[in-house]
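Sharing a structure, written as structure tokens. Questions coming.
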């Protein structure tokens, strides 16, 4: 096989070359660095500037647990999550019942 | 347990072991084999656990697990024995010597000294099953109860 | 060695598993060396077999036969158990050997001595032997036996943390469902035996005519194996099992699931390849989509790091099912794009093994350091464990299919292949990937970012080396995907796609 | 509602299982299987064993038996692992 | 139908086991349900090998001329019986530990892992 074939991935509808993508990504990063380097210089690490802004007052140990992250995201998915959580009920009988249902579905699909 | 159970157990224990050994030994001639004989012999251990309590065998737990490992190793090693030809090839059958007698074709009274590696495998599996089931029963009796919640 | 390599890869870990308690009585250091040496030996054997198979085609090993490779004369009847290793089996064996090399060194320090290290290593070796045997066997009842070996060894490992109240519960549920799957598989084998009086997979495959009993057996096969591979809505045991088992052993559970998936492909492509209709393919595709979406959504609401990663691992199964299911749907016409999707699905098995393996290793390291996996308590570990943070980020990006990592390389094949069947499939798959990216970004930020948290114990090298190996694998597979696709994946995919007659000919001759 | 759906699914599955049992060839007249013929006829010349079942278990299908012994060993190891005493 | 009544009985056993798994709430009864399915499958296997008027496939002092039943299903049944024993033992051990931790065997209360 030719060396470039060992890199790129022919998918029938086109091809994918990671090295090309890496070059593009590096260019983008360079651009981003340029924009970033033109930002404000007033930022001091270690001062209270890098404390999170929690409605104006100081909090000790400003740690954000993962359970609090993406609150809105989880909130938007709440109905779906409640429905799916009802599936994962934790009762073994329900899991066996799911198995029986799938067995019946497969039988109907294959035999009929 | 009551004295009746203990006495019957004392009487039946050697009989069960002997019958298990018989079933294992004649596995290639009569119905039975390693698994059945091992189960029969393990029932003797279960009887002892029931009659005299698990504490009477608690010391033997390490022995049982070691015996089980040995049985498994011996069985697998007998499989490796045929590796000169293929794995699990019965190299001893009909080769004379140990368990190497040929058998006449058709119904016959049966000769213990036949069937190559089969009797050896029967013994290995028999000890393995005896030790394994005995260890399982013993473990349930020792740790499976309420008392060590 | 050469001709006996397939059986050695199965029998040596069995013997090692039997002997491990005896070796441990001699010396614990000797036991560690013993276990690691056996894992290394298995890896060497599967590599050897894979090289042999990729070079010379299907390899047959007759157990107890006069010669190892005796293919029957045409019309003859297979009497003994045969191991039949084609490209797909060899590929599966490679994955098992690779993850064994990753998992066993990690477990050396991860499992404390006073918690029954010897027993856990015994079960791990038996599980490894069962996995390799499942991949190599060519006999249906032998397949069932190894299915049960993997089930029981895996459940013993799931219930390892018996002092917690969660692990025995997860193990009980998993064991119940595993027993169900094995029993239905056995019932299907019994139906086929009652109809044809044979147990050899290739022979039965030549006998099958698509009669009513064949289809009953197919339904039983499907139900049992779909339960074992954790396809939604039969996946409920998987998060419990992955989440509660010790992280070092979860890798073997992942390979166990994948080898069950391989068994499903073997049954569908090889055994029923001649009489299969597209409905089964659509069933596999639908359940694959359901699996990836349901698992990805469920991962959003998780509070436990291990359980979150477990849901991510379950969702990856859906991608494999989608990729190979596209091939199943179009098995009659065999268009080229379906082969692309099939390659993607098969390639994703390898990538998923590496990626999910690395994720669970990171979970294990975090748990080893902090003693908890609760996302509410973790945080700020990035300062103390920068390498673990890097590996976790790498693996989660690869899991979500971000270029240029390996997950993208296989997912783009699946996307392009499935797009031509129906764009909806691709849309759902991409949506699930985006969900996964969000979930793992949340997990990474919550666990590794934030104010510094002091970590006391230093990570031992036995943790870092397997992580480094997996990470290098992820990056390399992502940067030169074409090479591995050509060398390793294509033979496996072709063995499923057009290799059925080769499989039959290798066993039955003619 | 869901309960009735479950009952219906159970009835469908059981019905197809019974259908499979009925559609099988009649009891007592198994398919003429060359494998079993071979076992019955050659267990004496090849394995030198009178008991064909033992010959099948330990010679022709010995690998299954090894896996079976492995299952038993794994189960006992698992029981010892589950019921063990841990310092925690 | 009446010709292979034994197969039907085996399948009824399997169905009963499935119903036990779905309907019963006690973990020990669930283990019993799995045992029912195991026994149904084992009986099915061993019934597949029966030849009408056959004798066991053992040549020791065998009556001459009688047909022998098929040996393979008996070997398979032996294997699957031992596997069933192993499965049952492991599940009972899990049930013991679950009871030790939670003080109950009700499947509706053993649901710490959900969602």
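Per-chain numbering from 1; labels A, B, C, D and E assigned in written order.
Throughout what follows, contacts are C-beta pairs under 8 Å (C-beta built on N, C-alpha and C of every residue); 3 or more make two chains touch, one makes a residue touch a chain.
The structure presented is a predicted model; accordingly, all values stated were derived computationally and were not measured.
Comparing mean CA positions across the assembly, the chain most remote from chain C is B. Note on interfaces B-C and B-E: more C-beta pairs are in contact across B-C.
In whole angstrom, the spacing between the mean C-alpha positions of chain A and chain C is 23.
One finds 21 Å separating the Cα centroids of chain B and chain D.
Separating the CA-averaged centres of chain C and chain E is a span of 28 Å. Per-chain Cα centroids separate chain A from chain D by 45 Å. Of all residues in chain C, those that touch two or more other chains are 11, 14, 18, 63-64, 141, 145, 148, 152, 155-156, 159, 162, 168, 171-173, 176, 180, 194, 197, 199, 212, 216, 219, 239, 298, 301.
Across the assembly, chain E contributes residues 14, 18, 21-22, 27, 30, 44, 48, 56, 58-60, 70, 72, 76, 78-79, 82-83, 85-87, 89-90, 93-94, 96-97, 110, 112-113, 115 that each touch 2 or more other chains. Shown for chain B are the residues in touch with two or more other chains, namely 29-31, 33, 65, 69, 72, 76, 79, 87-88, 90, 103, 106, 108, 110, 129, 133, 136, 139-140, 143-144, 148. Of all possible chain pairings, those that touch are A-C, A-D, A-E, B-C, B-D, B-E, C-D, C-E, D-E. Interface residues of chain A, counted against chain C in their complex, comprise 1, 5-14, 16, 18-19, 21-22, 25, 61-67, 69-70, 73-74, 77, 80-81, 84-85, 87-88, 92, 94-96, 98-99, 101-103, 106-107, 109-111.
Across the complex, chain B meets chain E through its residues 29-31, 33, 35, 103, 106-110, 129, 133, 136, 139-140, 143-144, 148-149. Of all residues in chain C, only 172-173, 176-177, 180, 184, 212, 215-216, 218-219, 222-223, 226-227, 233-234, 236-237, 239, 279-280, 283, 294, 297-298, 300-301, 303, 336-337, 340, 375-380, 403-404, 409, 412-413, 416-417, 419-420, 438, 442-443, 445-447, 450-451, 478-483, 485-486 touch chain A in the complex they form.
Chain contact summary for the complex, chain C toward chain D: residues 11, 14, 17-18, 63-64, 77-81, 114-116, 119-120, 122-123, 126, 129-130, 133, 141-142, 145-146, 148-149, 152-153, 155-156, 159-160, 162-163, 168, 171, 191, 194-199, 212-213, 216-217, 219.
Chain E contributes residues 18, 21-25, 27, 30, 107-108, 110-115 to its touches with chain A in the complex.
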